[in-house]
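Take a look at the structures listed below.
One chain, subunit A, appears in both complexes that follow, with subunit B as partner in the first and subunit C in the second.
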Partner chain A sequence: MVKSTSKDAHALFHSLRSAYAATPTNLKIIDLYVVFSVFTALIQVVYMAIVGSFPFNSFLSGVLSCIGTAVLAVCLRIQVNKENKEFKDLPPERAFADFVLCNLVLHLVIMNFLG
Partner chain B sequence: MAASETSNGTALRYAFGNVLSFFILLLIGVLAFSIRLFSVIKYESVIHEFDPYFNYRVTQYLTKNGIYDFWNWFDDRTWYPLGRVIGGTVYPGLTLTAGTLYWILNSLNIPLSVETVCVFTAPIFSAFASWATYLLTKEVKGAGAGLTAAVLLAMVPSYISRSVAGSYDNEAVAIFALIFTFFLYIKTLNTGSLFYATLNAIAYFYMVCSWGGYTFIINLIPMHVLLCIVTGRYSSRLYIAYAPLVVLGTLLASLVPVVGFNAVLTSEHFGSFLVFIIIHVMALVYYIKGILSPKMFKVAVTLVLSIGLVVCCAVIAVLVALVASSPTKGWSGRSLSLLDPTYASKYIPIIASVSEHQPPTWPSYFMDINVLAFLVPAGIIACFSPLSDASSFVVLYIVTSVYFSGVMVRLMLVLAPAACIMSGIALSASFDVFTRSIKFQLPGVKGNSQVDAGYTSSEGVVVQNEVAKTDKNEEALKERPSKKNRKKEKEHLEKPSVKAQVKKRLLVLPFEASIIAILLLILLGAFYVVHSVWAAAEAYSAPSIVLTSYSHDGLHVFDDFREAYSWLSHNTEVDDKVASWWDYGYQTTAMANRTVIVDNNTWNNTHIATVGTAMSSPEKAAWEIFDSLDVKYVLVVFGGLVGYPSDDINKFLWMVRIGGGVFPHIKEPDYLRDGQYRIDSQATPTMLNCLMYKLSYYRFVETDGKAFDRVRRTEIGKKHFKLTHFEEVFTTHHWMVRIYKLKPQKNRIRGKAKKSRSKPSSTTSTKRSETQRKNPWH
Partner chain C sequence: MLATNLYGMSFSHGIFSLPLLFGTFGPTGISQSSHRHDTTQHNTTQTQHSRIVSTLITFRMARNLGGFLVLFLAISICEAASIFQPISDSHRSAALELFSPTDGSFGSLEETYEALRTFEILGIKKRPDISAASCQSVSETLGSSTSSLKDVFHALKVNSILKCKVNDETFQGVAKRLKAVLNDASSLLDFYYSIGSLVLIKDQNSGVDVLLHDADGVFRSIKALSQSDGRWRYSSNNPESSTYAAGLALEALAGTVSLASSEIDQSLIVTLKNDIVKLFDSIENYDDGSFYFDEKLVDAREHQGPLSTTSSVVRGFTAFASVTSGSINVPGDKILGLAKFFLGIGIPGNSKDFFNQIDSLACLESNRVSVPLILSLPATVLSLTKKDQLKVKVNTVLGSSAPPLTVKLVQAFISGTKDSSVIESLELKFDPETAVHFLDVLPKSVDVGNYKFVFEIVLHDSEDKSVYATGGQTQVPVFVTGLIKIDNAEIAVLDSDHGSVETQKQLDLAGENAVSLSANHLQKLRLSFRLATPRGNIFKPHQAFLKLRHETKVEHIFVVGNSGKQFEIILDFLGLVEKFFYLSGRYDIELTVGDAVMENSFLRAVGHVELDLPEAPEKAPRPPPLAVDPSSRYGPKAEITHIFRSPEKRPPQELSLAFLGLTLLPLVGFLIGLLRIGVNLKNFPTSAVPATFALLFHLGIAAVLLLYVLFWLKLDLFITLKTLCFLGTFLMFVGHRILSHLASTSAKLKSA
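Now for the complex of A and B:
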């Protein structure tokens, strides 16, 4: 039982990796960016758990800035993905402009909230 | 050649349709604005009611002192001796909007007063709201339904009641913000554009600024997302519409001082975070499903499910722990009374005492949304054929708002736009069916009908097909090239059209029946218009600060409130404190510019209970309480002479209840004779001796010799009495407002000596502690 699951897991891992290897480089870069910002958010949460959440607005803006960036990057990734049929008529330049605008608003708000 | 001609024709038709709908929208805006001007025409350009006076005062302060002073404003004119931080406790949206309007107009050299701007803010924003309704309904069901819904919203009585000229309250701009946020959400959902998602978050920010009802949005949208996920309609557009909104919206909401950290700490917002997590899981699942083969995906599901369940349980446990650790389980009293309608009446009399927090009666539905109530079910059915993401959102909106309106009369306002959208969809769908049936059966206008049908996309193709089949004439032949053109463009539309063809033929009704049905619908619409205009003119435009009544000898105007307030501002010192029941607090500070003890903000129950206790105590005890609060004048509203029903005697039981809730020596049964509230000779001695009774009926017998109370329709119980601790200083023309002054203290030493001689010292000490408990301001 255990052996079969581990074998399944191994096969799954293998096929995931081979499937992911086929994705274009620009999408991989975006993925890396997402992972990085989620990781930063996690570090902040851990730091909060250890030190305490005293300037709560600073903590909140730090974490939400990371999560927000990640979410927006995921949105960008969805929009520029060639395999996504829904966004065929959306040029990647437009998607990137939207992404920049949204980020601008997000970080203006965060700068206001940082306190 | 012919093809280009017809395509030119359709383009022209498109342009013509756009121009036409633009002008229709313009007229709708004018209608929405002008139907709300009855109050100005019939009365005058004044601010209405109670809360708007506070908003008006804040706006005045804002325009005079600028935005930074406004944020830091500590108001010492209210809640004496506590005061109130205005900047941190108001929803600033309305004030900032009116302030901006004022600045713009003045920089354009249009010198309007602040009051004028405030009076006309609500009508202007109701025009915006009807345009937003057009946009929202257009996204859901097309332009025709949009225009119908906009017309309906422009004059729905429920919305008129909150947005007539002069009703300068949060709801005036909040309804626009609500509809506009929903429109942007639907727009993002339909297009999947990050640009609209940003706009959506900003519109949500405006809504948070303007009204506490923003929690409705932040709960309704997650509910819709959840509904989409559960029914298997997840798409990446849904992710783009929702995930940025949560992050940006939460951050923007915490920028508003009155919300602050509540945006992440209270249970009203937890639902959205939960759905935020769920949508991420769904996105991941769909992504992995996309890149894996079906067989491997099955393996992955079984593997992840076992781990995922554990993680889910852990997350839920953490959330439950968070909720349980916060006070009142993280819910505010108003929200709790939404979920459990009996909550407020059980625990918080101050919420229950406000008439607009009561559940509505059936007639009020008919009064407030009129024929829309019958059209809504039809609209729901129309939304289900075919069900899209947008239409499922509207259905969810109407269902939840019907529930909320059933809990609180005030939330009828949230129901009204939903009802308008639904009825707009229903009306436009039924007109569509009827006119099409007529078109098919009129041989004379066949050519017309074809061109007409030509400009609606897929439907047009179907209609043409049908016409071409049923009667083959040369006009159908003419159409063919253009049809070919369109075929190239819309190949994918052809498949469903075959199916739709059968359906559409079933929808053709007999000629006479459809004509009669159209006439009936127009009649229904006319009935709605008549009712709305009547409601706007008669029922909802009274400012309640100026009253009128018709009698056999003509029109009477009762302007007693302003008379009293201007007396106060002219005849009392600037720093004098005026006590009254909290309803009149905002008006006193705004119009008389005097410090009040409690006002309509009702944030401190104990303080209100103190005033309630004073009003229900005998004269001497009341004098002591008022004196300890530094009060110089007491103001009571009395309608017994002219028959004004919402006076202080009718509100008195609430004072007793609220006072008794904090100070147990005030007991409600003491004021009731056999469970009945009465002020005639059968009334209890406690009632006849309490301050409110005495201040209201002092010298009342001198008016007609019998002291007949016109509101309660009885003669009062105790007619001849003197006041020992208060003296009457002013009574308005119709006796509606009476102002009393506290008499200065008597020779204190004699009184004290008497008391201490008559009672042993030990009892005085206990007595002292008791009075201390009774009155925290001693």
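Now for the complex of A and C:
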């Protein structure tokens, strides 16, 4: 029973990887970026858990910066993905411009909050 | 003084304050305050008004059935009393303190003169040596042809005291210059300084010709500035007249008379004497008999206070009187009043006032019209018990001895009662050694109390009467104090019904007592004593209070009334139960007897009484909350210490740096991942124009991020937003160009 489960899981991961390999490179970059952001945020949360949240606004701005930019990247990914028929008419360049603009606005707020 | 029939009055401690305990009421504690608010300096040590305590007692009078009546009783006795002391050693030491040179000089020549003149008048030999520096300043001022008239005047004044070596040519030059000024002078100050300087030169160097050939003319031009009321104008185009200027004018006119080469027209002198009389009509006075001049018009710019105004007039008047013959019709009382004004100031706090005071007194001391004599008492508190002698001194204003005279005690009466005099015309003996007039023993009719003694100075020599001003009768307040004998003091507890004595104890109010009594609400407490003066009369003190203080600090104060011969108070506890708030237990008894003239005033604990009162009914009034200590209410409040937030605990630096490295780790992972995926820049435009735009786009983003970093580090929001506005516009433009270029290329690719 246990064995078959690990096997199944193995098979599942394998199929997942092969399926992901077909993803276009630009989406992979975005995925990587999202992972990078989320990990950075995680490390800051760990720091807070271990050391304490003394400059609390600095911690918040650090984490929110990471989370915010990850969310924006996810949005970008949704818009850029060709499978999504909803955004078929939207050129990826336009989506990227939006992403850059939103990031700039987000970070203006973050910087203001950083203290 | 308190209404003595206020029996049963209870002072509830919450609102009752007792500022009139005998300490503040004794003769030594009489507050003397100056009523001369308009003089420049107040001095409380030697003034006229002894203002006896004004007291405000607030008390609550409770009725048996409750209902409180608030009574405000304000008792204040203000009595005018005048004691003037002649100039004494305290003035000399004050002079040395006020006039202390810095760096070997007194600053300006005017200040130097004031200091030197003051020292000269007071006869201070041990004055600071400033002659070297001052003489140099004098010869510089006199030698220079540009020095101002005022400086020349003061330089000559300094020289008149210091006798510096100034050669004849210098004097000649100055005299010539002064005469030229005098010829075209139009303003009073020009006249004053030039004539004053010429008079000084005349006194210092007889070789210089300073005589005025046209003295009548000068006299007339100064006189032309006078007003009909005896005051003067500073110049012909200034319509405002001033008393201060009148003093200057009189001094200048006196100088003119002394400088005249030929006799001045007598009619001019006569009119001027009339002017002086008119000027003295405008003199003002205080109710203590002192006279002074004040500027009628209050001009902030050139306003002189009463002291300098009076001083100016006195100088001018005495100078004029000394150069003219014949009498000036100014009453001696006014001259004496002026002297009293200057003496009444005490010791002024600034050097200018001090000089004005001393100089004016010196003028009065030697004036030709009448020399004021000041009657003073070394002590105005006389003890009957110690058999103090009544001593009176008569001096001139500067403290030198008076001509032979007799002091008469015309009358003495208890203050407040004008008619009943206790002494009638006694002549004081004279002790030539100490120059004191004294009365050996006070007459039998004088008992303890405050009196007004009326003195009169009788000059022996009838010629002196025209020279000296004695001012008629002088009224002086005198306190006669003594030990008061207390006897028949006893305290007793009585039965309410029959008045029969339950317990009775004798008290020795001169010593310690520790009576212990017990009583219930059906009984009465009686305290009685007798007071007698050293002469054996009955004495009624200002204050006789009985105080009962419960263990819980609740106090009740009763006025002890007097019934003819003895003081007695009966406390009927039945009527006082409610006032005592039904508080049973131990009450401490304190007796206060005090008066200004009672040498043995006391506040003494008599003992205690154990009271047994009934239980309080439900609606009984609660004892008032304890009184707030007035010193804590009006005293300094507790210091407020600000608590600063302690800084947060910081983690060790290494740990934070380690985590900084850790946060960078995902970035490394991201870059490695990019490489693994095989990212390239092939899509980067190759042709020149789009490549430039692409580069500018990335630079633009970098610039915005850099701006954010700067915003974090030092810029404020406004500068950041302004800059961001420009950068953003640029970025939009560039971004739009490059992205539309990319879009068009990808579209081409698709279509191809």
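For the reader, a short list of remarks on this structure follows.
Rule of thumb we're sticking to: the second predicted complex is superposed on the first by the 115 of 115 C-alpha atoms of A that agree within 3 Å, B and C clash if a C-alpha of one lies under 4 Å from a C-alpha of the other, contacts with A are read in each partner's own complex, and residues count from 1 in each chain.
One rule holds for everything that comes next: a contact is a pair of C-beta atoms (placed from the backbone, for glycine too) under 8 Å apart; a residue touches a chain by one contact, two chains touch by 3 or more.
As the structure is a computational prediction, the values presented were derived from the model and not from experiment.
Contacts of A:F36 after superposition: subunit C is touched, whereas subunit B is not reached.
By the document's definition of touching, of the two partners only subunit C reaches A:F54; subunit B does not. In the superposed model, A:L108 lies in contact with subunit C only, and not with subunit B. Counting the residues of subunit A touched by each of subunit B and subunit C gives the higher count for B.
Once the two complexes are laid over each other on the shared chain, residue contacts for A:P91 go to subunit C alone; subunit B is not touched. When the two structures are aligned on the shared chain, A:F99 is found in touch with subunit B, with no touch to subunit C. Shared contact residues of subunit A, touching subunit B in one structure and subunit C in the other: 112.
Looking at the complex, you find that subunit A touches subunit C at residues 25, 28-29, 32-33, 35-37, 39-40, 43-44, 46-47, 50-52, 54, 91-94, 96-97, 100, 104, 107-108, 111-112, 114. Considering their complex, residues 5, 8-9, 11-12, 15-16, 19-20, 23, 56-57, 60-61, 64, 67-68, 71-72, 74-76, 78-79, 83-84, 86-87, 90, 95, 98-99, 101-102, 105-106, 109-110, 112-113 of subunit A touch subunit B.
By the touch criterion given at the top, residues 192-195, 197-198, 201-202, 235-237, 239-240, 243-244, 247-248, 250-252, 254-255, 261, 264, 283, 288, 290-293, 296, 299-300, 303 of subunit B touch subunit A in their complex.
In the complex of the two chains, the subunit C residues touching subunit A come out as 648-651, 655-656, 659, 662-663, 665-667, 669-670, 673-674, 677-679, 701, 704-705, 708-709, 711-712, 717, 720, 724, 728, 735-736, 739-740, 742-743, 746.
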